[in-house]
Structure formats: C-alpha cells, structure tokens
Amino acid sequence: MKEKLLDIQNLTIHYITEDGTVKAVNGIDIQLNSGETLGLVGETGAGKTTTALGIMRLVPNPPGKIMGGRIIFEGKDLLELSEEEMRKIRGNKISMIFQDPMTSLNPVMTVGEQIAEVIQIHQKLNDKEALEKAKEMLELVGIPGVRHSNYPHEFSGGMKQRVVIAIALACNPQLLIADEPTTALDVTIQAQVLEMMKKLKEEFNTAMILITHDLGVVAEVCDKVAIMYAGEIIEYASIEDLYNNPKHPYTIGLFGSIPNIEEDVERLNPIKGLMPDPTNLPSGCPFHPRCPKAKDICKEQVPATTDLGNGHKVRCLIYQGLVEA
Amino acid sequence: GEPDTLIVAQGADARSLDPHATNDQPSSRVMKQIYNTLVVMDENMNIVPGLATDWQQIDELTWEFTLRQGVKFHNGEELKASDVKFTLDRMVASGQVAHIVSFIESVEAPEDYKVIINLKEPFAPILAHLAHTAASILNEKAVTEAGDDYGTKPVGTGPFKFVSWQSGDRITLEAFEDHFAGAPKVKRVVFRNITEGTNRTIALETGEVDIAYDIEPIDKRKVIDHPDLNLIEEPSLSMAYIGFNMNREPFNIKEVRQAINYAINRQDIIDAVLYGAGQIGTSPIAPQVFGFNPNIKESEYNVEKAKELLKQAGFENGFKTTIWTNDNPVRIQIATIVQSQLRDVGIDVTIETLEWGAYLDRTARGEHDMFILGWVTVTGDADYGLYALYHSTQKGGAGNRTFFENSRVDEILDQARVSIDFEERERLYHEAQEIIVEEAPAAILYYSTQNVGLNKQVQGFKLHPAGHHSLFGVSK
Amino acid sequence: MAEKLLEVKNLKKYFKVKNGLLHAVDDVNFFINKGETLGVVGESGCGKSTTGRVVLRLLEATDGEILFEGNDIRKYNRRQLRNLRKEMQIIFQDPFASLNPRMTVSEIIAEPLIIHKLVKNKTELDQRVSELMETVGLAERLYNSYPHELDGGRRQRIGIARALAVNPKFIVCDEPVSALDVSIQAQILNLMQDLQEEFGLTYMFITHDLSVVKHISDNIMVMYLGQVVELTSSKELFKNPLHPYTQALLSAIPVPSLTRKRERIILKGEISSPINPEPGCRFAKRCNYATDRCFKENPELRDVGNGHFIACHLVK
Amino acid sequence: MNNVVVKTPNTGISPKQKTKKRSLWAEVVRRMVKNKMAMLGLAIILILVLLAVFAEVIAPYEEVAIKQNLSNRLQGPSREHWLGTDEFGRDIFARLIHGARVSLQVGIVAVGIAIFIGGSLGAIAGYYGGRVDNIIMRAMDIFLAIPSILLAIAIVSALGSSLFNLMLAVGISSVPSYARIVRASVLSIREQEFVEAAKAIGANDFTIILKHIIPNSLAPVIVQGTLGVAGAILSTAGLSFIGLGIQPPAPEWGSMLSGGRAYLRDAWHVTTFPGLTIMITILALNLLGDGLRDALDPKLKQ
Amino acid sequence: MAKYILKRLLMLIPVILGVTFIVFSIMYMTPGDPAQMMLGENAPEEAVEALREEMGLNDPFLVQYFRFIGNAARGNFGRSYISKKEVVPEIIGRFPATLQLAFFGVLIAIIIGIPVGIISATRQYSIFDSVSMFFALLGVSMPNFWQGLMLILIFAVNLRWLPSSGYGSFQHIILPALTLGTSAAAIITRMTRSSMLEVIRQDYIRTARAKGVAENKVIIKHALKNALIPVITVVGLQFGYLLGGAVLTETVFSWPGIGRLLVEAIRQKDTPMVQACVIFIAVTFSIVNLAIDILYAFIDPRIKSQYK
C-alpha cells in the first residue's frame, strides 16, 4: 500500500482587496501518495497557484488569507506549525518550482550560490561542501558544474528552469510542487525539461503536484488529475478515467476546445462565455452560466462531490441525479 | 575660544590681502592689522604719525616724509624709503586703487628714510588719502617674490602677521613680536566669516567669537542685555540717500525733488530699519567728516508742503515712477517704507530690485528714476564725499548717478581740492553743501551708526569711524 | 490552381545590434494563395514576427522582394503605402499592449475608418463601428468601454475588428491566441475561421502552437533561426515531416490523449544566437544526424516533390 | 471579388444609448478618492486655493496686506492679527493668503513653462531618436550643468525682475528634468504594439504622436508636475533668500520667509508662519503627487 | 571597462565646451561691468576704462571666449577678477569643505533613509510605514534654510551642544549635514521603499522564501541588493548635487563650500571663477555619475556584462 503523504481537506483561501473579496480557493480536497504525480489543471484564475502557495504557506498576506481547512503533510497539519517549523519544511520536504524561470532566480547571485543556499539552510554543511553539492545538482540537471559561478542572465530559459529544478530537488523533497514549469519554454525545450523532471522524480521517488493548463503535458506526466474551476475542484480522477471518460461538462468542454493534432476537426467546439468574475462568483454551480447542460436548479444548488467509484470524483448535479445528462 | 586668540566675526570674507588689489571693507579690516600706512587717521579723525614720523609740505606740489627707523617687516626686512616708493608706484599703476592717489606725479626716495612725493596739482586732502588702508606700505622684496600670489602672502609692518587663510571661512593672524610699537596683547587673531547677521550675534552669545562686527539692528538689544557682552555703538562716516535721476522727467524739476524730500519720514525709517541706530541726514557728508556744515537744518517731514510743491510742479495728482535698489535687505526695506510714504502724497512707486552688477551698470548709464545708495567718506575729508557724487565730471559710473550739474558746485569743489587753507576749504564746502541741499538731487536719509558686539573679556577695543578698527591695543 | 496573393522572395532583415548583425530573417522565400492560410511555426526568436512585420512594411526589409498581387510593395511610395494599409492588416499577440489604453473600444475601431476616410459622416461611422463590433461578437454595450475593463478574449476581438475595419484582403496574425485561455482560444479560432470564409480573407498565421497551426492552416512554414526549413501543406507536414527539426518539433508536442504515446525525439542543447551566424546549416549543432557537410554548407530550400519544400542536405 | 463589405442588420440602437463614455481619468479619480492621504493633500490645496481666491474678501489687499503701520511692528499673534504682524506692521495672515496667489501661481506657471518646453523637447527627442535625440539630450546635459541661480540671475538681470520673469527663471531650470521624463516615457511607448498598430492602419507620425504617444506619456509628467510645483515654490523661496525674489511690497511666501529671518529669535512668528505654510503646501502637493503616482501606476492596475 | 570609462570622460568635452560657452555668454550679456565691480561704485571712469582695457574686456565676445578656451586648454583657468587669486587652487581649497558636507549629508541620509525605507516596505500600510512616510515628506517640504536656523536655535543657542556656524572640527559639520541629510534622507527613504516594494513582489523573492530562507535574510540577502540600484542612483544624484554646493545651507552655517563661492562669483561677475566653478561642478558631477554606473556593475552582473 502506498502511504498517504498529503491530505488537503476543505482548503479555503481568499484575497481580501479593496475591490472585493476574491474567493480564489473554495474548499478543495486533495490526496496524494508518495511517488505519485497529480496534475492540477484549470484556466487562468482558477486558483491553481493559490492552492500551491497555500500548501507552502506563502500566500501573500495581505491581501491573501487562508480561511480554513487542513493541510496534513506526513501526519501534521501544516497550518498549525509555527513559522519557524514551516520554514524548515520549505525547500526541504516540500519544494516549489515557479512558473517563470526568467524571474524565479535572483539576478544578482550566482546560480551556484542559489543552489548552495537551500542546501546550507537545511543541511549542516559548510560553504565549500554546499557548493560541491550544488555543482553535483547542476550536473544532475545537465549543466556542467563549472558553470556554478555564472549568473542567471548568462543562461538560456531552459537552463534557468533546470537551475530552478536543481534548487527544488537539492534537498530530496518528499513533495515537489511545480507551477506551470514549462509554459514559458519552447516546445523542444519543454520536452527536454519534462523528460528530465520525470526521470528525477522516479529516481528520488518524489511526489509531485504539477500545475498546468495544458492537458497534453498532464497526459505525459501525471497519475491523477484534478480539474479546477473558479476555486473548486470539479473533477478528480486517475489519468485513465479522466481522459477516457471525462464526466464534468467543463472537462468535456475543455477537451473540445483544444485543437487535436492527432485527429482533424473542422471546427472546434469551445465552451461558450467567459471565466466568472472571481469577486462575484455565480450562485449555485459556478459553471452554470457556461454549461450547455445547465438547468434552472444549477443556479441555486451547489453541487456536492459525487464519487463515481475508483476514486473518480465529480462535482456536478448531473451525477447527483438532479439534472439529466 | 582659546585665551590668547581673539576671534573676530564679520559678514564677508576678505577678497585679497594685497592692498592694491581691492578696496572693500572686509579686506581692509584684516589689512589694517597686517600693514601700516605712512600717516594714520586716528579714531578722532586726526592725522597722526604712522610709518612716517614727520612730514612737511615743501611747496604746493611737493611733500616730504621722514620714515621711522628700525621698522621691521614680517619677513625680517627693514623698512626703507625704497619700499615706500615701490609701494606708491605700484599703487599708482594698479587698476583698483590708483584713483585714491591719482594726485601723485612721482615718488622719490633720496635717502633710506626720506620720501618725496611730487603732485600733479595741489591736493589738499593728501594726508587723509595716504592714511587710507589702500596706501599701506608693502615690502618690495616680498611683493616681487610672491608675484601674482601676493594677495595670499601679505607681508607688512603691522602688529599681526599673516598665518593662513581658509577661503570663505577664516583668516588667521599671529602677533608680530618685532612690531615697531611693541607686540600686540593677544597672540593670535582670527577673522571669521559669518554671513548671516543673526548668526554673528549667536556666535557672540555662545562664545564662539569674541568680537562681532555689524550686529543686526534687531539683535542689538540682545547683546546689550546679555551679561557677558557689550555693544559699542558710534557714528560712522557713512550716509544713505535716495538719488533722483535729474536727466529724467519729472526729476528734472526741483519742486518734485524737494517735495519728495518733504514726503519722507526719515525718523520712521531709522526706527523701523535701523532700530534707531542712525541720525537723520542733513548734508551729503557725515558730521565727523571734515567740512561738514552743521548749520544745515533737518529736512522736515511735511506731507502738506510736499503736496503743495507737487502741485506747483504740475503734479497735483502725483505720478508713477520706480525706485531701484540692489538686493541689500536694508535698502529693500527702505524702499518699501519710502514707497509707502510716497503713496501718501500721491506718488505711485514701483520697487525694482536689481542684482548688484546690473544695478551699478544701469544706474551708471542713467536708466533709473530713483535709486538707493550709500556713501562712506573713508578719508574723512569732504572732497572724497562730495567730488565724486556731485561734480559734473563724475556723472555716471564715477559716482554722480543723480547726474547733478551745477557750475558753482563744480567751481567750489575744484577750488577746495587745491586749496591748502583749512578755513577756506571749510567755508567752500559749507557753501557747496548748502547749494546741494537746496537743489536736492538726492534725499539724504541718514548717517548710520556702526556697532560692534564684544565679549566683556575683550579690553581696549576702539571703533574707528571709517570702519576698519585696529586690534593692536585689544586684549582678552 | 489558386492564384498567389503574396509572394516573398529572398527576404532578408538584419538588425544592427551591439555585437554584430542579427540575422532575424535570412533569405526567406514563400507564397500564400488567395483565401488560404499559411501557418508559420518555429521557436521563440526564429524570426516569425519579424517576417510578418517586414511583409507589412512595418519594418523595412534589408533585402528581397515582397510581391502583393504581383507588385513589389517594397518599391511603394508613401501614398501607395497608405493605400496598401487598406489591403493588409495585422492582429497582434498581446491584446493588451496592442490597444491604446486611453481610447475606448469604439474609438479604436473607428480610427482606421477615419484615417482612410471610409465613412462620410458621424452617423455612418457609428453604424459601421457597431457593425464591426457585432461581426466580431462584441456586445453593443461595450461601445464606450476601455480595453482594461475587458478580458483578453474581448480585447482580442477589438484587435480583429480594427483589422477588419478597412476591409483588408490579407491579415498577418501574430500569435493572436497565444495569450488566451484554451476555452477562449477556441472561440477566437472559430471566429477567425468564420471571417475567413465570409470575406475570403487570406491569413499569415504565426504561432508556436503546432496544434493550433495544424487546425487552421492550409500550408505550414517551419522556421528556424531566421530561415525556412520546411514548407508544405498542413496535411503533408504532419504526415510526413522530412526535416529533422520538424520531426523533433512534432514529436515534442504533448498530446492530450493516452491512446498513442509517441516516441520523443529529444534535442540536444538550445537554439543558438542569430547574431553573425556561422555558415552551414543553422540547425546542425542540435541535429542528431548532422554531417560535416551540414556544418560547412547552407542547405537551400528546394522542392522535393508535391510542393513539399525543405532545406536539408540529408533529404534526397 | 475581394472588396467585401460587412453587412449586418442595423440593430437600431443608437450609440448614444450605450454605456456612457467614462474617461480613464474617472478610474484614476476613483482610486485617488480611496487614498486618504492624497485626499488630505487635495483638501489642503483646495483650502489654500479658496483662501487665495477669497483673499480680498477676507482681508483687503491694500488695507491690510500692503499698508504699513510702523507703530505696530512685529507684534505676536493676537485676536486682531491672528498670525501677528511683520516688520512693517502688516498683518501676516493677510499677507499669507494674498501671497498664496503669487506663490501658487509661480509654482504652477513655472512648472507649466518647464513642462511645455521640456515636454516638447523630450517628445521630439524620444520619438525621432538618433541624432535629433542626441543633440537635444546633450543640450539638456549642458543646461543641467549650469547652476540654476546663474540662469535665474541671467534672466532677472537681462529681463528685469517681474513676476513672470521669476516664473521663467524657476521654470527654465527644471526644463531638462521634464525633457528626460517625457523622453523616457515616449521611448517606451514608442515601442508599444499599439503604436505599431496605428502605423499598420496608416496613421502618420503626427497623429501617432498626438493621439497615441502624448496621452500615454502624460501620467509621469503629471506626477512630476505636482511634485514640481512644490519644488518651484521652494526654489522661489531660495531665490528670495539671495534677493532675487518677487518685488516688494507684494507678498510672497518665499520672500516673507527669508525676509523675516533676521527676526527669527525675537519675533518667531514672522518666519515661522510662512515657513509652516510653505511646508504644509509642499506636503499637500507631495501627498497629492504620491497619490496620483499610485493611482496612475499601471502596475497597480489589474 | 577602461575603454568605457575613457569614452564617458571624452563625452564630457563637448558638454563642457557647451557649458562654458553658455556661461560665458550669460556673463558677457548680463549687465554689470566686471571692471566697475572690481573698482567699486566710486571709482573714476578712466580707472574703470583702463582696467577694462587691461583685462581685455573691450575685445569682441568671441575673441574673449576663445582666449579663455585656449588658456583653459593649457590648464590655465585664470585668476579671479575680484581677489586676483588663481581660481583652481581657490576651488580646490574649498573642495574639502564641500566634500565633507556632501559626504556626511549623504551619510546621514543613507543611515536614516535606507533602513526606514526597508522597514516601511516590509510593513507596507502599517503605522510605522505611514509615520515614516509622513516624516519623509516633512523632510522634503521644509525649506532648508529655515530648518537650518531652527537647528541652530535648538542645538547651538538653547542646548549649547554644538557650534552655531563655521568649519573645522567634527562638531561643526553635524548641523549642516543634518540639514542637508534630512531632506536627502526623505528622498532616499521614499526611493528605497518603492524600490523594495517592487523587488519584494518579484518571483525570486518568493523562490527564496520557498527555499526556506528566513525572512530577515530574504530581505537583506535577496531583496536589498536588487532594490539598491535605483536607490544608488538617487544617492549619487544627491551626492553630486551636494558637491555642486548647497548654497542656502552653506550660507546659513557660514560653511566655506563651493556653492557660496559660485554664488558670490556670479554676483560679482567674476567670470573666471564662475567658469572654473561650473566646469568643476560639471566634472565632479559626471565623475560621480560614472562612479555610480561602475558601482552598478558591481552590484548587478547583468550590467557588468554590458560594459565588456
């Protein structure tokens, strides 16, 4: 049996701004076992990054605030740890890779220093040893160790992203959160980086949450998928179940929106309408204004999570039997 | 300050310590300590021996001076007649101060201690002019050695010798033990430059300086009331006036000029601007000056009379004009008050403040209507005070900025200049003053007093009417 | 056969930069038929946008010919160029930066109409702007809104409406959907296809998303470091990619499907600098099959049959 | 066959019934209103402006602000003279509110002059670039190296010291900084895609500069301008200090401040009230300028 | 790098030529006759005329200008019209005072400005932030000479802690440096704060936090260095500006700096002195700017690579 590494229960995060409260994450549940990869998919503003920052307890405050829920990691609720305890976990047991490699590295520190820093914080090593280890990490991600004294601007985008990965993996974390790690990269480079991440993850048996809006990337890398819409996880399933048998109308719509390279379609079949205003979410099911199957009841009743078996969960009134498919 | 050091604050830094390079008050005040002149005008305006022990007029055009023997320069050289000749020749050739000795034809040094000065024409106030700090005697060798840099390497015979000069901040002098009249009472004198008047008083109060020149009128009370401080106040040789451009309408009309004279309340100005530190002006030269006419009456403040005079001149409803001043705060204040007073007789005055260079330049060219200036008769002789201001040859830049022209005044001034008869001169100058006051090319405002604030520890300080006070006898 | 609307011959655009000449577009040849779409793909910095801009004469080419309806527009004078602006338009990638933030939706759409005096009076202008908004699916109530009040999809529709305002024949679309979410992207792609059908538009469609380009294009041009490496019909390219770079590119696309896991070709290294490029095939350094010849000789773009153009020494 | 005309049914809705056109500035104003500090600044400025406007009603110029009363000099604050009297016995409060006219005017006009000259030069340099840019900017460097007091003296002594010349003197010395700001912002706007878009639809240089570049480069200028008014008032005070300020007896804060410095110890109110007034005004302008900067900052705009 | 520095210094030449030309024109055209000024208001006309001739003031404008340039090129900037002293040593003699004042003024500004700016930024919208920003604004709003007089009254007159004016000891420098320092501190505080706020929002700060770096280390090690660049620009500008002299403060404290020298020279129409001062100020300003640019390179490796 795989052990449960991360168990997020009912996590809710809001941004309280002058223009209103942004309900970025609304009561989500996520379970993840060691060595497993979860794909967190959703369009802009769905709350993916906020979820990740919530796990790291790095939601910018103000304006962000974790309103409730639990994040149980290795049996402890992260939300109850002191800042100092949490700091010891960050970069050590849980690492995070951010979206944009161009801006994720400190421009005035050498890459070697930046890798060595995380090592030194979490392991009792002296400067020299830490630097040695940093060079090893660079080699591991395919950059010659001698380039440790280079500054970020002397690297290309792909190499920078690898440095970021090296930092994230330097302390063999149990959990790696990768927030759109390849969106800023070109396809061929993206392929290189994804390949490498897969390899390293297997090597270290790291669990991973991969945030993306690219269903293609998910198909390549993930074991499980969570689809987010307006701060909620509206469908949660193993990769096979989701791709072969998507249930939620939004998920189905998402697949219909992507031009598929494998097959020819004359016309795409997009979801109509736009993402809702996060400060003013629709009542009932947040997707109802765009849903082709919506009925009046969708405006009022908030769907509950329905387990369709095999861990395939969906939040839609259809599967509660309240609306016909 | 330290016990042996006398610290003196004045409002500006010296420009140069070469007497022939400059003629400004702050520099003179320092040079007075470093140099001596042939003859000296003492605090009571009497000519007394300086480096010359004796002098006599051989004929109308020849003066002979006998030098004091054994006088040492700061560089160890001994004073010789050749130094005097060198000095006066250099002075005559200088751009800046030649006009003070413009009467000199030539200088001879027939013996080591004998100097003969030949004049171009008879010149009565010669001794007063030779007592001017600009006529300080220099050492030929020192000047030649220093070349163009002499202004920062002065060598004199005075009681203090030059030590250092931190430009803009201070000049340090040191007692000259070999001074012919004995060593001064303090070891060191420091002239500090404290521009702001308020700060000079503050520095005096806090004991940062021992002597502060030119205490602001408003601060005088503070010095007087302060237990550790004294204020000395005495008349000076300076006179402030408002000039009229007589080349311009309506100031070519005598009644207008007189009317303005009546319309100005001088006492108000003295009270408001000088806090009483002045005396109502009657004649263009101060009372201490030789030739002053004490019989001239104070110009009375009489608005009605002023209005009547204006009416006579055809300006019943007044007129519009301007008054110029430079950016000197006292003059600006005077202008403001005069503006207000003239309004009472219907004259609408606009004040224009000009920057000093422009002010001199444009008043010399006669572009002004009214202007405010002052005059210090440093030599203490009426010639210096009247000739430049009222002789028709001096119109414009030379000093006569009212463009006053009166043949009788010209005649008198020329005559008094060459006369050697004291009484005759006095009589002539009295007459000139009467004419000038009657013609009213200017409204004489006041004779200001000068003041010095000093710490009570300071002993033996005497004010000199010309403003450059000797520190020789001062102790602390 | 279809007639060529645009033909580009030996087009070059070099930029003077600090340490040399940047060969942004280096000897590019292609053509687009009337009513068709040419997809242009390639990695960042390979010169896609520059090609598009040079074709519109927003940038002056360094060398080469641009034939539009048979006339070399590089020789056009100011007046002719102004008229050309009515024939050719552009839609930009960034729907925020390409709209003046201080102008309302209607002002932005009206500007070309006013400049080219396409309307006679204010009423006609209002009406025409309303029509255009309707055409691209912008609600009437947004007439006086500012771009920043709108989301990316709507903003992009403004850009499209502005381009359509002058009734152009040809539109360069510089990554018009890259900044948009997938669901919105699909809406815009559909709109563009509809407009093409309705008005017989010709597109040059620049993107780096191969799925998108496949979906929308008739022909596809693959660029690498300022040069065209492969140019053929969309079907042919995906069925039979010949250039090693194209092959790698196609294999690298993540496909949202579990059915067919393809073998990936992972390239070594990264795109090299376009500044003062060395002679030889620009792709040689990353190519798994490169020979000595590839490092010495620049391969020509040639037809290997069936209108399939390719620049590679290895393909016979 | 290519000349298509888009045909769509007339919807019948006239544009006038559509959402009202709100200016972008409305957004800025909305954000400004939320900024308490900026509103405080604005309130202070408004009060000053009102006092200046109604100065004549509150205290007649000739009677109270100009007329001397030498027997009533340097009186401290009292019921009769709220802020005391000056060295000529004039009411300081009256002079301050009348001075507000002059001082605010000097500040605003001087900045206006600087923005006009500097802005035009900067826009030309930024838009055309190359040699034009080089020449203009080197000239600005030269200008920057010349002490502003020298310029002020040159202007005052060449043209005389009138109120306008004072404004000119203060304004001209800040021309280079506006030229720089405008140039920098034009340089970045020039590269924006909407300028290219305008070119693509056939707009000429003039239209582009006027319609697209200038409106978008205004924000930093406006901010700098608000702060510049404060700077100009301080410069005027500085010029008054060295005697180049406004001509007496006209009240102006800078000359009131520096003129009273001799009485600082005996009649503190003579300098302190003008000093405080200047301080509060500048503070208010700075608050306002900061608020504007925040409100106009595109980065805060989401 | 050396080449870059050389290039920058060479660029100074046309600027200085332009500056001298304009200064010369201004001095030439504004009314006021140097000869008259030297001799005082009561000098006879012939004396003035003779002096004008001697000083070459009667030559045509361009002759005078090129004579000046020719001499300057040979390192001879002439002697002051007023004091007859050589202008270059005079300026150099005053330079230490100016340098000290600028240095301590900026030092005070940095000591106050940077920490306050950092704390304000890290506690954006806190009470501390509001209060410090208010004081910063107060600092820029206060007219310098007024503030100077107030400081003198408090510290010199009432408390008797410090001398009221003058130059020499360390005590003398405190009040003028404080006067200048507070207004510069205000600007630096504001700049530090806004620059810090900008940097704190950057992704790499988030990366650092995600690495488990302690908060104070995040600020000092990761944020500060990045935030420093615009701050240094301001510090440099302030320093350069103070090197050009702070006339009002110098006057209030009787500080023998360049600023007063220049103003006095301007007022006395002492053209050689004005020219030399302006050139000196322009050159120091450029050198400070250049130094700042070089400093950038040490802080920011991206800039460094540009200079190569």
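Note that the chains take the letters A, B, C, D and E in the order they are written out, and that residue 1 is the start of every chain.
As a convention for this text, a residue touches a chain if its C-beta (ideal position, glycine included) is under 8 Å from a C-beta of that chain, and two chains touch if they have at least 3 such contacts.
If you want to know which protein each chain is, UniProt gives these names: A, C = Peptide/nickel transport system ATP-binding protein; D = Peptide/nickel transport system permease protein; E = Nickel import system permease protein NikB.
The structure presented is a predicted model; accordingly, all values stated were derived computationally and were not measured.
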Handout entry: Other chains in touch with both chain C and chain E
Key = A, D
Practice task
Name the two chains that are joined by the greatest number of C-beta pairs in contact.
Solution key: B-E
Handout entry: Gap in Å, rounded to a whole number, between the CA centres of chain E and chain D
Key = 24
Exercise for the section: Take the average of all CA coordinates in chain B, do the same for chain D, and state the distance between these two points in whole angstrom. Expected result: 47
Problem - Rounded Å distance between chain B and chain E, as computed from the means of their C-alpha atoms - result: 38
Fill in the blank from the handout: Taking each chain's centre as the mean of its CA atoms, chain A sits from chain C at a distance in Å of 32
Fill in the blank from the handout: Where chain E touches two or more other chains at once, the residues are 30-32, 149, 157, 251, 267
Completion exercise
Listed in rising order, chain B residues that touch 2 or more other chains are 196, 198, 355, 357-358
Practice task
Could you tell me which residues belong to chain D and also touch two or more other chains?
Solution key: 153, 157, 242, 261, 264-265
Handout entry: Set of all touching chain pairs, with the criterion as stated earlier
Key = A-C, A-E, B-D, B-E, C-D, D-E
Practice task
Could you please specify the touching residues of chain A with respect to chain E in the complex?
Solution key: 56, 58, 62, 83, 87-92, 95-96, 98-100, 103-109, 117-118, 121-122, 151, 153-154, 164, 167
Problem - Footprint of chain B on chain E - complex, ascending - result: 30-45, 47-48, 50-51, 54-55, 79, 82-86, 90, 93-94, 97, 149, 152, 156-157, 160, 163-168, 251-257, 260-261, 267-269
Fill in the blank from the handout: chain C residues touching chain A in their complex are 43-44, 151, 153-154, 181-187, 189-190, 193, 208, 210-212, 214-216, 238, 248-260, 264, 266-267, 270-271
Practice task
Going by the contact rule at the top, pick out the chain E residues touching chain A in the complex.
Solution key: 125, 202-204, 206-215, 222, 225-226, 299-302, 305
Fill in the blank from the handout: The answer for chain B against chain E in the complex is residues 13, 15-16, 18, 21-24, 95-96, 98-99, 102, 148-149, 151-152, 166-170, 192-196, 198-199, 202-203, 205-206, 208, 355-362, 364, 373, 375, 388, 394, 396-399
